[in-house]
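So the structure is just underneath, and the comments pick up after that.
Just so it is clear, A, B, C and D label the chains in written order, and each chain counts residues from 1 on its own.
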């Protein structure tokens, strides 16, 4: 691997990311899968970095799941997006940052489609007006929330309590970065680092002391694939694709996986359990899986937040091996205590994959 | 093992690095002209049993290079030789089939 | 005549006796083994034939004509024929006359096996009798005949083509030993008899030699050594005989009665096949006959080498030779002893094991019920002019017919058969038989000679007459259903292997062609016709290797100076058309164009 | 007065035309932007179909233009139509008034790094056809291992690729790939060699024979499918993915070297030249000839002629033939104008 070559490409795919004043929209599913991640994003950006991040309870889904599951037409999805933009306009913001990769992809696709077909934009404006009497300005800057963390990665590094370094050996931790397909595969110039060698997560890992792993199936989808998972008959394809990725990354012995998409960490995490139960195979050390994180969770760990406040107890694959390597202090007994310190009870342990 | 109602599906990818091509290599030694196939498909188009069994020497020859099961096609060949007649590269297709029938297991 | 040696024995006969004992034991044992290997039906047939007067007569006639007089060789080339009959018949006569001498002059010694062979040593001339001088004359005469044959054989080693055979099989070491010992036997006998002639008497060959040798050599000293040498030459010849081509001498004498008994080759390694293999005299006629040997290529794949390798059990070479052959049948047609080169090869092919079984690709063809069912065959679908012409002729003649294979897709099974997959071919045949019989036709009309041979020999179609299109069209003309006029174009007719040698049809195509066009003949025609090189018989010959064969066959056709080439086989048509410098047409097409 | 003729571009078209024009008795100027003559061909190792070595070929071509004024490392700054013809101001400060101008500016090799998915410049063992020729010319290249077990060739890199901005077929790459595949197989007989192609376009003299040789005598594997992505395995090999379109299944293979057949693209300089000399650009982006069938060497403007790959992708013999034809056309044009 020639590092210079990659850097040349990364230099070609840089996008302008304003330093402050962002209108923030949440993901539909992340709040359920990894409930602390979005909270941590707001916590870090507002309280640690002191940025102005605006959020309104009036925003809805972008329609992405329905759009990608072929249940609503593109115009409907665009009208929903138009409403989101109207909310941003009404709040007085012009920088728009969605938390979801599919949303980000949809926003990019919508804006690019409007640029190519202005008559469609006019039609959507009309639709929106007919539906809810709202008007909107298109965002001046559109960035995914991982773009923002990437943008502020060095500021986070400065405040870091832990680094992605093995405490015992002093070696950088080997981190697999997995980018959501909708981040830049459709519009390479809209993602940091482009489509082939995206830099957004790699930049964070490098900045925080880790070592990025580039393995053959790096580009491959996590296996979610919307319809592949949503239709049970297709679910075998979904898990097979995840399996393919793990088989490919296995020889590199990764310490953790960092992701920036709502679906990816979920499927990379949960399918490890399914694969283990179906084939008996686990991919981490000593019968454990490879822990999978959102970039917010990793940022939280780097900044020294308590792992249980980051919601890491909700992961299927135990995160403790990574915490131990990083030297993060945690109370194993507190893992299953609620915010009110009440015992939430321990979940049933799987047969084939070791969990703490 | 837990039944989830779905299982890992088998990959359809041909992995040339790990694929066992010994059968093809063996065939090439016996019928060197088989290397010259350019996949024009004349053999399959003229094949006497092609219309019943989908037989095509091209598919057989390509299939064994890609780990496909070509036994059904092979077993339907009547050796009539039309494919030999039409092959523009002069591949000895009958010899190819007969030898494959011998070494295929 | 006086019996000169009281004991009637001299040690120099021992080598001869050893050789004789060895060869008799060997052949006797081989005979028993071969008879044992026959199926009981064949064995019964064989033994019965040996006591049936007609076959006895046939056997004697054939053995005399073939083994001694070599009549077929005379037909091929007079010098070649003389060379063989002089040695074989001359030697035979020497043996017969030798016995006669013993019976006449020293009847008490007839029980001594070696006496007739070394007669002149053991006797002394008492008084001249007319009887004796005639016999002595005959003995010397036949010795001269044999020696002239030997001299020709020696000359042949230098100038082969004079004998009408361009190439011989490369002799093995033992064959050379046999050859040289054979060459040595008769000059040595002549020398021995010459040295002894002043005692035993002799005739025009030996007496003058005796006189001549006396002038500068002396006879007494040389007498015994030459008798020893003669005996040794005989011993060597007989000891190597079972391992050389000279095994054909005893083998052919068994082959002829076995063939006359109606035995067929059933297994290429046992019984009758063994006899055929040993009967091959390695004469090399098949090398020149073989279309594959053009430009001296593939010589080692001719039938003479097949028999040689079969004797050696060299599996690799046997397979190679068996797979390569075009099965054109010319070697068999020209073979003096009738070695079935193609048949042996098909049986060899049948010995192979196939991991993939054959399954008949089921067809759901429904055939219309008509009087005549026309089967074009696979190859005709690649040469549609034939099928179209036959169809047009049938229509013009008002024949009630339909196609058995209008869109192709049916094979007669002949290619599978020649590939040696006999059981598989039978399953094709069974399916085709059902289809043909279900159609309810009277006549199965076949235009492809490959299919025709298969239908003739391997199908059982009760109530259905299988006919080739050539006699069928001839019949249409004879019965005035169609009329043809003669065109100005002169065609040379190429006899397709499967139609000519395969089905014996030589005259009918010429008759039909002659009715519609001019006819010329090429240098090699009828049973000597040269295969077009496209034959499906060969399994391993590649396209590139066949090119020269086709060109050679065409060049032979061009010797006729005809305007165009006519043939009666789709495979020949397609193969010739690839390289021909003049039009190549099927007879059906020619006839169809000349219908008025 | 001797008439001046300026040839822009010192590749094989420029060299051949310079020789012919000079021999016809004109004052000939050859302007070359690089520091050497011979263009792309000069850096090639051998040429198909007869495997002629290029070095002596180019040497002969250069020695044949004695008497021609050659300006190396020189570009045309401006072209101006004047009464006598065209006035060219060169970057070396010299101005020439020419009665005729021959554009022989050639092509540009596609920059393989633009096909990011192939990882040229990123993966350790990905090279281009030009790199391989340089290596065969004796240049050291770490990217080619000492004993490769598997070598791949990707046809149509940047050619027939609308997204790369090149709809044209680069014409020679199929043949070059087969040539190079054979050369690699000769050097590394134990290596498996794969050619990934979309169509094999082997139109020229003896090209198909080359293909047959590659199959029959060298056992080179032809895979009909375009490589979609390349990645690096843990042991530093390359994993290549394509669809085997002849069997309709995805295919992957690990290679030790991957050679990208960078195609011929428009030379970007012709854009500038076209503006200066008011020449038209054809719909494929190359210079537009008077017509593409009988008059490929004449531009739309009097006195400006074309030869070689400035009007489209060309083979070496086509280019040389065009150069000679252009020399004759210029000669006839000048005779007519006298």
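The working rule: a contact is a pair of C-beta atoms (placed from the backbone, for glycine too) under 8 Å apart; a residue touches a chain by one contact, two chains touch by 3 or more.
This structure is a prediction, so every number in the text was calculated from the model and none was measured.
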item	value
Third chains touching both chain D and chain B	A
Shortest walk length in steps over touching chains, chain C through to chain D	2
Pair joined by the larger number of C-beta contacts - A-D, B-C	B-C
Per-chain Cα centre nearest the global Cα centre, belonging to chain	B
Chain of greatest Cα-centre distance to chain C	A
Inter-centroid spacing, chain C versus chain A (mean Cα positions, whole Å)	86
Chain centre separation in whole Å, for chain D relative to chain A (CA means)	46
Averaged-CA centre spacing for the pair chain C and chain B, given as whole angstrom	40
Between chain A and chain B, centroid-to-centroid distance (C-alpha), Å	46
Sites on chain C at which at least two other chains make contact	none
Chains touching one another, given as label pairs in label order	A-B, A-D, B-C, B-D
Residues of chain B touching chain C in the complex	33, 46, 48-49, 51-53, 55, 71, 74-82, 84-87, 90-92, 94-95, 98, 100-105
Chain B partner contacts - residues on chain D that touch it in the complex	150, 192, 194, 200, 211-212, 215-216, 219, 221-222, 224, 244, 246-247, 249-254
In the complex with chain A, residue positions of chain B that touch it	1-2, 4-9, 11
Residue ranges of chain A touching chain D (in the complex, touch as defined)	1-2, 4-6, 8-9, 194-197, 214-219, 251-252
Chain B-touching residues of chain C, taken from the complex the two chains share	323, 352-359, 361-363, 378-379, 381-382, 407-411, 413, 415-416, 419, 421, 428, 534, 536, 539-544, 571, 574
